[in-house]
Amino acid sequence: MTFWLHLIILGLLGSLAGALWRVWVGPAQADRMMAAQLIGTTGIGVLVLLAVLQDWAALTVALALALLAAMAAIGFVKAASSDGAGDPEECAPGPTDARDGQR
Amino acid sequence: MPEGLADIATIVLTGIGLVFFLAGTVGLIRFPDVFSRLHALTKADNLGLGFIVLGAGFQADDWTQLAKLGLIWALALLAAGTVAQLVARAALRQEGRE
Amino acid sequence: MTLALDLGLDLAFGALILATALAAVAGQGLFRAVVFFITYGLLLALVWARLGAYDVALAEGVIGAGLTGVLLLMAQGRLRRADALADPPARGKLAAALAGASVTAALVWAWFTLPLPQRIDLDAPMAASGVENPVTAVLLNFRAWDTLLESIVLLAALVGLWMLARDAEWRAPLGPGFHARAGGVLSVFGRLLPPVGLIYGVWLVWAGADQTGGAFQGGTVLAAVILVAMMAGLARAPRVGAPAWHAALAFGPGVFLLAGIAMIAVGGGFLTLPPEFAKPVTVTIEAALTLSIAVTLALLVVGPPEQQNGGGT
Amino acid sequence: MSGLSVLALTGAGLIGLGIYGLLAHAQLLRRVIGFNLVGSGLFLFFGAAGAREMPVDPIPQALIITGIVVAFAASALAVALITALARATGRATLPEESERS
């Protein structure tokens, strides 16, 4: 059992390394961000297995990471919006969009 | 449930979970453009985490651990759905700007 | 066999961490460096869990992968809008690499040659600390001075950050003035997450007396929750001088100081907790400190007051 | 070599990488990243030293937690300084040697 869980964790870390490659090559910012998101989910998986392998206290950490899994990505869409505070769903062409077009 | 059966369930379920994670990563690496990569990944990694959580659940000693495991998966699903939507929109608006 | 796999796991963790750190340092482009740094924080949290330091893993996960990520991504966005994204190639590479390598070499030497320091035995003092989680006991009882001064340092950092506001913007709300489409995905997420996060953060503080968790760990989670609520347009960022927010900022250090002085009155000495009061006093300080840490960290990410140019719907 | 040594040496390596980033980059935000690498590498080295006996020594853990929080506060202040500089001058890099007066 412990043997198998070690193998699975190693497999997850391998999958994580693949996602790191996508962060490196991009090319779009969204590519890098989505790869980081996948890395986050994989990390939660690793923590869940570490909980079984070592100590169930690791679940507390996994829960915190799951709770905040979207934070970085929300920060990204905020920063990517034209005034740095917006929401990509606000598609009505407002004054900010017009300014954006001029650049 | 007898010990042996629970262990077998854990082995099978975590194995399936790993396969989904690997499939998601392969999609992330091989698919040609941003939006298909997004598509491949959000489905695969959430199913993967689901199976891993289920597999771990068979080793849990009490109900609070099971509840935490369930909550972890629910929160991860919520986050992934939100992020996929938002990042896709941001990518749509950013196209041509970068 | 399992022993070899154990080592393999540690090697894999080490290699991944070094790879992400290298990618964040080398390579061109600010955005890529920032994303690598976010993944680095996440991996570091995994390593702390691997080491069995779950309290540290919790703090590193929330701060390293969550708060620092938002901070740096928003900074990158601000630099883009100020047309200051230029990232000139590294210079003096050889000298810098030599400096880094020599420090690393010295530490490697120290690890293998210096003797193991005598470990302080905490068994006896733990019994008198009133709590079960030794990390909480160290933070709030044995090394209470450190923690008190740290909570004041946090406050000083926030005041320093506010000082960077331009005169004309001093009265503006803090931060870039977040907004989101009403009923959109982000707003819905911002409504769903805070209740869960709030319960979880408070539970972390409560449970922190006896298991993984505590004021700092719970405070970081709550800071993230406040930040999500603000970014989703659910809660408005305050202005400098908003009384309720100031009270929240000063509450933790204030209660800590008062409790420390009260301990003199009951015969313990400043910040020295007599065993019979240890548990209630520790929990009280923790609760107050959590609130202040949460608000301070959230406002540190939000940034100084800033005039919003349009879009503030 | 034990797994613990692997992680301690990883910490040592991170400190080296961080120092390199801190010295070699002109872009200030990347220097903040370098500074954070040095800090977290130190924490890892320190934490691994405290984990040589089980259970993990709580004193390093408590110090590292406060360290993480303080490093974050310092980073936030640094980032605010950098953005203020960028807004005022339109750049977030240190001047080249030749430009200095």
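Per-chain numbering from 1; labels A, B, C and D assigned in written order.
The rule is simple: a residue touches a chain if its C-beta (ideal position, glycine included) is under 8 Å from a C-beta of that chain, and two chains touch if they have at least 3 such contacts.
Bear in mind the structure is a predicted one, so any value in this text is a computation, not a measurement.
Novice: When I count C-beta pairs in contact, which pair ends up with more: A-C or B-C?
Specialist: A-C
Novice: Averaging only over C-alpha atoms, locate the centres of subunit A and subunit D and give their separation in whole Å.
Specialist: Each chain reduced to its C-alpha mean, subunit A and subunit D end up 22 Å apart.
Novice: So the centre of each chain is just the mean of its C-alpha atoms; given that, what is the distance between subunit B and subunit C in Å?
Specialist: Subunit B and subunit C have C-alpha centres separated by 27 Å.
Novice: Whole-Å distance, subunit B centre to subunit D centre, using C-alpha means?
Specialist: 31
Novice: What are the residues of subunit B that contact at least two other chains?
Specialist: Within subunit B, residues 71, 75, 78, 82, 86 contact more than one other chain.
Novice: Taking each residue of subunit A in turn, which ones touch at least two of the other chains?
Specialist: Those would be 16, 29, 33, 35, 60, 63, 67, 70, 74, 76-77, 80, 87, 89.
Novice: Check each residue of subunit D and list the ones that touch at least two other chains.
Specialist: none
Novice: Mind giving me all the chain pairs that touch?
Specialist: A-B, A-C, B-C, C-D
Novice: Note which residues of subunit A are touching subunit B in the complex, please.
Specialist: Touch list, subunit A to subunit B: 1, 4-5, 8, 11-12, 14-16, 18-19, 21-22, 28-31, 33-35, 37-38, 41-42, 44-45, 48-49, 51-52, 56, 59-60, 62-63, 66-67, 69-70, 73-74, 76-77, 80-81, 87-89.
Novice: With touch defined as at the start, can you tell me which subunit A residues reach subunit C in the complex?
Specialist: Within the complex, subunit A touches subunit C at residues 2-3, 6-7, 9-10, 13, 16-17, 20, 23-24, 26, 29, 32-33, 35-36, 39-40, 43, 46-47, 50, 54-55, 57-58, 60-61, 63-65, 67-68, 70-72, 74-80, 82-87, 89-90, 94-96, 99.
Novice: Report the residues of subunit C in contact with subunit A in the complex, numbered from low to high.
Specialist: Touching subunit A from subunit C are residues 1-2, 5-6, 8-9, 12-13, 16, 19-20, 23, 27, 31-32, 35-36, 38-39, 42-43, 45-46, 49-50, 52, 54, 57-58, 61-62, 65-67, 69-71, 73-74, 76-78, 80-81, 175-181, 184-187, 189, 193, 196-197, 200, 204, 211-213, 217, 221, 224, 227-228, 231-233, 308-313.
Novice: What residues on subunit B touch subunit C, complex-wise?
Specialist: 71, 75, 78, 82, 85-86
Novice: Quick one: which bits of subunit B touch subunit A in the complex? Just the residue numbers, please.
Specialist: Contacts found on subunit B: 7, 10-11, 14-15, 17-18, 21-22, 24-26, 28-29, 34, 37-38, 41, 45-46, 48-49, 52-53, 56, 59-61, 65, 68-69, 71-73, 75-76, 78-80, 82-84, 86-95, 98.
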